[in-house]
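Heads up, the next two complexes both have subunit A, just with different partners, subunit B and then subunit C.
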Partner chain A sequence: MKNRLEALRREKGVRQEDLAQALNVSRQTIISLEKGKYNPSLALAFRLARYFALPIEEIFDDSDERV
Partner chain B sequence: MKCRAMQNSWLKAMLAVGFVLLAGGLIWAYSVGAGEGLPMRMAGFLCGLGVALAAIGGGCLLLNRIRGERRTKEQTLHMEDERGLTVAYKAQNAAAIAAVLAIVAMTVTALVRGDSLYMMMGSAACCLVALVKIVAWYAYDKMM
Partner chain C sequence: MKKDRRFIASICWIVIGAVLMGVSYAGLVDEYWSAMGTALFVIGVIQIIRWIRYWTNDAYKAQVDVEAHDERNRFISGRAWAWAGYLYVLLGAAATVVFRIAGNEELSVMAGMSVCILMVLYWLSWMLLRRKY
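Let's turn to the complex of A and B:
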């Protein structure tokens, strides 16, 4: 699943380490999310949406997974 | 890698248990004497287990001290957040497959060598693995 995490984080001027701390996950998890190698759980997706004050659909793009 | 992030209290407990097992094994070994077969092997097993636990516990405590509290906490988070748990789950699956293959190899070797006791033990272990998988699958299917 594609996402705009890296762009949003850079827009906000936040370091990966700070984002990880705010979401209570490791920096490696943020790196994997940004690279699209790992899809977050629903709970983490909601935490991300709340952190960036955006709907989940604006952060994650599931167009390639729709049936 | 995993040991770096284990909590110090667990590591201290592991170290203590290791020393107790080692001491118990040594005392047992000296009390039974060299002529005894099975008790001596049991004492040796206890000593080996004790040394292994003490080495892991002590080594990891030392590593945690060297790396510092902040880095240790980061490592713990790396292992315990949702991605860390997913990675651990996949690693456990791989380990389980390796264990089953080892049991199958042991059973086949026993079959070739004509060792009926180990052949039966290996077969029983394979049956147990299959049974646990079926029961666990059924239980998790009901729970989720």
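Let's turn to the complex of A and C:
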């Protein structure tokens, strides 16, 4: 699933380490999320949405996976 | 609490390992148990060293806590177990045929049975998890 995490993080001026710490995940998880190699759980997606104060749809793009 | 229990378990490994080495040294049991005792003793000591580092080094503690609860790590662990299961079934099935062709019926049956046991465990897990979720 595509996402705008890297762009949003850079806009906010946050390092991967800081984002990882804020979300209680490892930095490697943030790297994988940004590369689109790993899809987050619903709980983590909500935490990301709250962190960036955006709806989940504005962070993740599920157009490739719609049935 | 859970971590305290694991620490106590580490001490138990050391004690059991030392006892096994002692009784083996005294000639009460054979060398197999001495090797088993040495392995348990070493595992226990390594675990204790890790616990001491965990409790005395805040940076290490934070790193371990994040790694332990990180959802990607859990996901990878689940996938790794699944792959291990698939590979075990494939290799076990291949071994069953190869041993049979090679004329070693005993090993062939053991390989086949181990695959069967794994499949039964998978089926039981499936039934239990289907009720849970």
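As a working rule, the second predicted complex is superposed on the first by the 67 of 67 C-alpha atoms of A that agree within 3 Å, B and C clash if a C-alpha of one lies under 4 Å from a C-alpha of the other, contacts with A are read in each partner's own complex, and residues count from 1 in each chain.
Everything that follows uses one rule, which is that a contact is a pair of C-beta atoms (placed from the backbone, for glycine too) under 8 Å apart; a residue touches a chain by one contact, two chains touch by 3 or more.
As the structure is a computational prediction, the values presented were derived from the model and not from experiment.
Participant: Return fit or clash for subunit B versus subunit C, each positioned on subunit A through the superposition.
Facilitator: Once both complexes are aligned on subunit A, subunit B and subunit C clash.
Participant: Would you sort A:N24 into first (subunit B), second (subunit C), both or neither based on which partner it touches?
Facilitator: In the superposed model, A:N24 contacts both subunit B and subunit C.
Participant: Please indicate which partner A:L44 is in contact with in the superposed arrangement: first for subunit B, second for subunit C, both, or neither.
Facilitator: both
Participant: Taking the stated contact definition, name every residue in subunit A that is touched by subunit B in one complex and by subunit C in the other, in rising order.
Facilitator: 20, 24-26, 28-29, 32, 38, 40-41, 43-44
Participant: Over in the complex, which subunit A residues touch subunit B? Could you list them?
Facilitator: Those in contact with subunit B are residues 20, 24-29, 32, 38, 40-41, 43-44.
Participant: Enumerate the contact residues on subunit A facing subunit C in the complex.
Facilitator: Touch residues, subunit A against subunit C: 20, 24-26, 28-29, 32, 38, 40-41, 43-44.
Participant: Could you list, by residue number, the parts of subunit B that touch subunit A in their complex?
Facilitator: 74, 77-78, 81-84, 86
Participant: In their complex, what parts of subunit C are in touch with subunit A?
Facilitator: Per the stated touch rule, the residues are 66-67, 69-73, 75.
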